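Per-chain residue numbering starts at 1, and chain names A, B, C, D and E are given in the order in which the chains are listed.
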Amino acid sequence: MNAWLLSILIFSPLLGVLVLMFVPSSDEKSIKWLGVLGTLFPLGIALVVLSAFKMGGDELQLTEKFSWISYEVFQSKGQVSYPIFYEIGVNGLSMVLILLTAVVSVLAAIASFSIKQNWKSYFILFFLLEMGMLGVFAAQNLFLFFIFFEITLIPMFFLIGRWGYLEREKAAYSFLIYNGVGSAILLIVFVALFMKTGTMNFQELAYTFSLPQAELNQLFITKGFKMGMLIALLVAFAVKLPVFPLHSWMVRVHVQAPPAIVMIHSGILLKIGAYGVIVFGAGMFPDQFKSLAFVIGLFGVINLLYGAFLALTQTDVKRVLAYSSVSHMGIVLIGLAAGNTSGMTGAVFQVVSHGLISALLFFLIGALYERSGSSELSAFGGVAKRMPILAGVFLAGGLASLGLPGMSGFISEFMAFLGLFEKMPVLAAVGTLGLILTAVYVLRAVLSITFGAEKEMPESRDLSSSERVPAFVLLAAILFIGIYPAWLNDMLRPTLDAILLGLGG
Amino acid sequence: MSAVPLPAYLMLALILFCIGLFGALTKRNAVIVLISIELMLNAVNINLVAFAKYSLNPGLTGQIFSLFTITVAAAEAAVGLAILIALYRNRKTVNVDEMDTMKR
Amino acid sequence: MLQMSWLIPLFPLLSFILLLLFRKSKSESTAWIGVLLTGISLVMSIGVFLAVWQGEGIKTEGTWFQMGERAITMGFEVNPLNALMLVIVSLVSFLVHLYSKGYMHGDDRFPVFFAYLGLFSFAMLGLVLSPNLLQLYMFWELVGLGSFLLIGFYYFKPEAKAAAKKAFVMTRIGDVGLFIGMVLLFWQVGSFEYDEIFASVKNGDLSSGMLTLTALCIFVGAVGKSGQLPLHTWLPDAMEGPTPVSALIHAATMVAAGVYLVAAMYPLFQASEAALTVVAVVGGLTAIFAASIGLMQKDIKRVLAYSTVSQLGYMMLALGASGYVAGIFHLTTHAFFKALLFLAAGSVIHAVHTQNIEEMGGLWKKLRITGPLFLIGALAISGVPLLSGFFSKDEILASTYADGKYGLFWLAVIAAFMTAFYMFRLFFIVFTGEARGETEKGVHESPGVMTFPMIVLGVLAVVAGYLNTTWFGTFLSDYLAQGAVELPHGDHHGPAWIPLVATLAAALGIALAYLIYQRGTLSRDWITRSLPSLSDVIYNKWYIDEGYDQTVVKGTRGLSKLGVLFDRYIVDGLVTAVTTGVQRLGRVGSRVQNGQVQSYGTAAIFGIVILLLIVALTGGYFS
Amino acid sequence: MTGEMIAFFLLALTAITGGVLLINLTNVVHMVVALIFTFIAIAGIYITLSAEFVAVVQVLIYSGAITIIMLFGIMLTRHQEKEKKAPRLKIILTGLTIGLFFLIMYGKIKDLNFGQQNVELHVENTKKIGVELYSHYVIPFELTSVLLLVALIGSIILAKRDDDEKEAKK
Amino acid sequence: MDLDTLLSFKWSVMAPEFIILGVATLLSVIDLFMKKESSRTPLAWLAGAGVIGALAAIFMQLDTEVTSILFDTYRLDSFSKAFKILLLLGTLLVLVLASNDKKEDVEENRGEFYYLLLAALLGAMMMASSADLITLFVGLELLSLSSYIMAGLERQNKRSNESAFKYVVSGGIATAITLFGMSYVFGLTGETNLFLIAQTMQDPELLKHSFLLMFAFLITFAGLTFKIAAAPLHMWAPDVYEGAPVPVTAFLSVVSKTAGFVILLRFIIITFIAAPGIDSESLLLEVQPYVMALAAATMIIGNVTALRQRNIKRMFAYSSIAQAGYILVPFVSNSSLLFELIWFYLLAYLFMNIGAFTIIQVLSVQEKSNDISIFRGLFKRSPWLAVPMTFFLLSLAGIPITAGFVGKFGIFMGALGLEPAHYWLAAVMMATTLVSYVYYFNVIAVMFFRDSERTRVSVPRGMAAVLAFCAVSTILLGIMPDLALDFFYGNFDINEFFMNIEAVDTHTHDH
């Protein structure tokens, strides 16, 4: 069973697709419930995987490897084959992200109840998206990673373009083209690496690149080549993350996509960028990564401040949150740039934490939008009166987002900055300005919705019981990580240690 | 040896080729365009026959090649003309520059 | 007992959770949950305090999580300083809970209020018990959260919303300073533990520049929380919260946390002369500056708020002038008499339903309990001999003088004069004379749940001063001497004239207030008329808020707007440029495709010729 | 200057003149007639290159068949006799491009000489061609027959008058 | 050479060609005797049977050794087998696609279409299995002539007329250019057998004329780009694709293009593999930048211009130009993976393009239009058309789990595999692929995001079969490309391509 466990997990959302095929598309209720069930199933398997996962054990677990594609090349040296394997596995980092994916997917599926039409195709795409995300984190070679990476792209395009708000198609294209640029660069890099080394496996690649330069020269791998590859990778993932100035697509998507999809997007998809930088950037080219640390840190701080500054005066709450995501992804970069234990931990924590927090916040925005038909800040006021729970959770989410201790956001911010202060104190000190700005814009947005004089809204019922599930689960997770980070930390440690070993910090 | 040098033939072929090309690209009457293409093919034939006589491995091959070319050219002319006639029936024109209903 | 001291903060937390669950309950008896649970905390705190009094102490820690080789720990520590704080916090908290039962009567979110109080108490107690900077920082922020929630309790009021936001943001600025200082210390010392930090400081592991830098960063945190210049503006605004909140948070506990922080990190400050000087100067300036504003305010709570800022400045001044004990001492006494004043003010407001002192008057007769209690508080804060304020203020003056900071000493004396003046201005306007405005009717004394806490505090405001006197014994400094901090100079018994000067200043202030506001000998607008511009500036709080608005706030907003424009026209503009470029190219492409088959041929030949030309030019065709 | 040389020059001159006339004449029928001279001149050139059979084929097919069908084409399409000139710019651009092409090719053709020639080509030329065609090149030869068949059928289909079919449909 | 010698050749290896030729002849005869009113669908079945027969013959030949008839004028090797499979498969699908064409005005010419199609196929197949310049040329012309006629088959349709005429003029010029180049290749070596040409190329005498050789190469190459619709001879494609009947367009864009690549590979690779360059380097290395530039230009022109198209067939014409550019990339890189990469991509391209054209055909017949708007709301009207169409478009755009992605991946492997890697070419390809996302996804957006009141679309059974086959293959090759690659590696030894069995032993200069 264990031998196939991970594959079963990755492809488990397909079961939902299969079942949905046989449900008449007019049967709204059963489709919605099947939609939730279809995500619960992967979550269940993810939990099984978690139980099979030995904490702090071997680095890579539950591996599977099958021969998949084989190109045979006749060269002067004789026959050289370029095999591509189907190989998957999990380490601490990917385990955490898989879990996050499974959880957020369930909650987003619940949040999808507000979808008004075409539920069937919606959920089919939703499942495909989930499959892609699970696959991205489980993939152990470049080819597979890329395939799953792209698989997430297509359903997203449809989900944004069909079920989004007014300017949805523009957003969908924006998403497609920007991410296309990212994946285009990725593909070139991946193929280049493949052709130089003959392997696509993460570990083998990392091993190859760690060989002494003399041996690498025989493979035509120069230092410049490594640096070029790293920069290209960083740019590619910078699109996904997103890093200033490549962020405008993300803002558009956050504003236009349906809330449930933004939960997924902001909660998980953005994290692929961070995951990529960690696994490929820091994991494969540690030396070059270190020499770029300052630039990465600089971009981190720019992201942090730029996002925060722009969030300050936005009038649409979705835009505030979108820029806040830009800002928060800066913290990931800051942590990575530090390149030490705390920095790395901070970056990964931020990945998870922001995943939960932004999922929560966008979920609530979705709920608010459903009630008021607007996401303009000026349309709200005094929500706390009629909807105390919504307002309370919203406030809690906002506080988590601004890094209040006891919530997950604090740990990651703290660790990331702690790390950066060791390496680049001045830059870090500049960055801390962002912490203040974050407080300003988060409170501005949250308070102008929940506090103040009450404004009329078409509908003003508090969170329904089905809406409370995602809200409370996410809030609980945020608090859990904030109060007891050791659990997450223990899971991540072996992976991070391995990467840090390469970075020499 | 006082025979005509190879470059002279090639030059003739080149000149005729260029003339044919020019005609094919600038003449407005479709028939003339077709016949200009024939001229280009003729130029090629001169090359082939000339090379049959002067070459690293001179031989009959060039002449045979040119025979095939002539045949093909004839077939092409016939088909081209047939198409032109079909077109003329519908459009009542043989002006090449009026045949631009499909563009952009 | 000491091993159980970690439970102290948890009772209020429990109260918070329980009350949130009962949030919809209409019954006001839910308040008893909070009162009871904080009562337990109080009892335990007293137990802990007594144990520490006998010389015990404890520090227990466990790994919170492992960061590489280093373990980040969490735990609790009890030492003389924080045992004292425990008592102060839990006592005031308990009393305020009790008081609120009466004060909040009739509010539709009654349980929520008590829940927030519980949350705050939890955070404050946790802060005090923290054995390391990180934990302190976390509770520090949570305290801020509690304060934020309570200030914004009347969320529907725009002023409350603004005040809550302001409080959070302003203190956050300070917090970032603390954060930086903490992190810098970590990389210097390798730990967040107080002990280890102090040990390294002692060993001289830190360069003097780094010492000053970290100390100042931490001090910035204290400045934010304690409403010191220039981050004080939030504290008066925080009076938008219910009055018990002001008593608890913005008089006795949270704002004192800054002072506590400096005290707790005292060895670090001691190691840097520059840092101490900065602390003293900031404290001294704050003391006089806030006092000056207090002279002219018309809102009863605002007067008290500026008074608080001023007194906090005193404490900082004391700490900066090596008056460690004096600072703590004043913190203690201030907690009692300021809480008393606020609660009394609350009682007044409760009675007359306004905060504008010009609409009050002659309340002495109607508020038979509140009036005298307020008077006690006013006397104590003014530094009238034999009351607690006198002793603690005397110590501060003495230590400032002893430390050679004469300028600050005289500033403090003037501040003392001002304090006496504005307190009694307040007293005379509110309690004596005739009733003004429409507030006469229905004025009645507050119920017992409100007066009882005031009486307790009134007693404490009188007797707390005897903790540390020249005459009866220096219990407090002996007690504090058990702690980690090596007390600077022992006790300061400066020249004997210092108490005299202090008393004189207080007497002068009271007398002046009496002359103006009771006897009317001097016209009320005497100063306003003689120095119109100065009084205008003072009345408008030195235009600090406006100054911030014009510079920092507008600057930030402008930068943000600029950023939005940049985002739209430059960042997006580039993308648009690329896409339109591609589309233009497409248009060119389709224009070339003009439907003329001969053009296609020409284009093809052209292409071929270009290729041949390049070959010819690059291949050495002409050679 | 040998007779071969003179013959070549005359033939070449004729051929080129025919070509130039094709370009410059305005009457379409005249153009085709001008081209007949070119085709015949080319046949002459073939003879100077000892390719008698090809020359004969040239005369038959080009000067005969193709020219005739082109003339038929001109008649069938009942055009105005006068051909209008193409736009000047187009002519100049095309001319320049082709001129450049000519110059580039010319530069390297002018001294292409392998220094040897096959002098026996004219000996039993037709027979040898026949033998080669039916042995060595029998496959392309047969393929050419298919090609001609296709051209035949295709031309018939395309040029067939529609009215016949419409009537047939009725 | 007497009859015995002629008969001594192993003519049976030509079985596929004979079958096609026989069926084509049979069809023309039957068509002649069939009543005008009667349906020509049986002819389609017969033609299909012939193609299947030829395919079967090729599969039976898989184990056959390299065989050469008459000095490589016919040649059976792995290369020819591999690519003939593509040609036959493509034609078969086009046949099914056409057999269900219910457009009345085409009905009258139905019969001719089938045997012209087979004749064109025959030409293409001869191109695949010949290593002789003359045979290649005649094969090319057979294909071309048949295509010209097919493009003009809708005689009453002005667009069809016009497209055929444009095609024939462009094609004529292209033929002339190609032949002009070939005449120099022939002239410099005096040979028509490709292997002998290659041998003669090494003659030191030719070093003096390396410029002319280079010119000959470029002219011939440029001329041959006509068939694959690549720059500089690509401009006919949009007009012809738009005007020609859909099955013909499908044929042109798939089979004819494949044949174009076949002749490019055969002619260029074998002929110039040993040719000297101007600076005494290998000529093939020296021309790389030029071919690269052409490939890049093709990709850019195709993709960028496609952005503006509203006519779906025209859009696919530009798309097909772009695809030609992609396939030129491995050609440039001279990678040792060259053959399988091109083969695989063409295979993938066959499925996705014919699949897409099938749907275009169905819709354009129903809606009487070729505007992109015929796809409006297709997902709601007929999800079973919209979903496969989406797969085809995704595949064309090169998105994973489709065959198109694996093909593109392979192309990248080719471009980046050798030292020095062609990063900028890969970058151009990637950038233009991104541009292509816009117009491919535009069709998808029209299908999914727009609503329409139009009715359901009915799909004839044969077309549905083609559709299903293409869709399944597109996905299957995307998920398990080894199905095709293993087949390729298992049955085809590409070394045979370079194996000159005839010329060395038996060639005599018999003149």
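The rule is short, and it goes like this: a contact is a pair of C-beta atoms (placed from the backbone, for glycine too) under 8 Å apart; a residue touches a chain by one contact, two chains touch by 3 or more.
What you see is a predicted model; the values in this text were computed from it and never measured.
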Give me the chains shared as neighbours by subunit D and subunit E.
B, C
Subunit B to subunit C, fewest steps along touching chains
1
Computed over C-alpha atoms, the centroid farthest from that of subunit B is that of chain C
Taking the mean of all protein CA atoms as the centre, name the chain whose own CA mean is closest to it.
A
Relative to subunit E, which chain has the most distant C-alpha mean position?
C
Pair exhibiting more inter-chain C-beta contacts, C-D or B-E
B-E
Separation of mean Cα positions, subunit E and subunit A [Å, integer]
43
CA centroids of subunit B and subunit D: separation to the nearest Å works out as 6
Whole-Å gap separating subunit A and subunit B, where each centre is the average of the chain's CA atoms
64
Distance from the CA centroid of subunit A to that of subunit C, rounded to the nearest Å?
37
In subunit A, which residues are in touch with two or more of the other chains?
none
Expected list for subunit B, residues touching two or more other chains, is 20-21, 24-26, 30, 33-34, 50, 55-56, 58-61, 64, 68, 72, 75-76, 79, 82-84, 86, 89, 96-97, 99, 101-104
Listed in rising order, subunit D residues that touch 2 or more other chains are 90, 94, 98, 101, 104-105, 108-109, 112, 114, 118, 128, 132, 137, 140, 144, 147, 150-151, 154, 157-158, 162
Every chain pair meeting the contact rule:
A-C, A-E, B-C, B-D, B-E, C-D, C-E, D-E
Subunit E partner, complex, touching residues on subunit C are 582-583, 585-587, 589-590, 592-593, 595, 597-601, 603-608, 611-612, 614-616, 619-621
Within the complex, subunit D is touched by subunit B residues 1-12, 14-16, 18-23, 25-32, 34-36, 38-39, 42, 45-46, 49-50, 52-56, 58-61, 63-64, 66-68, 70-79, 81-86, 88-89, 94-95, 97
Subunit A - residues contacting subunit C, complex
244-245, 247-248, 306, 309-310, 312-314, 340-342, 345, 382, 384-385, 388, 399, 404-406, 410, 414-415, 417-418, 421-422, 425, 428-429, 432-433, 435-437, 439-440, 443-444, 447, 450-454, 485-486, 489-490, 493, 497, 500
Help me check something: in the complex, which residues belonging to subunit C touch subunit B?
590-591, 593-598, 601-602, 605
For the complex, give me every residue of subunit D touching subunit C.
90, 93-94, 97-98, 100-101, 104-105, 107-108
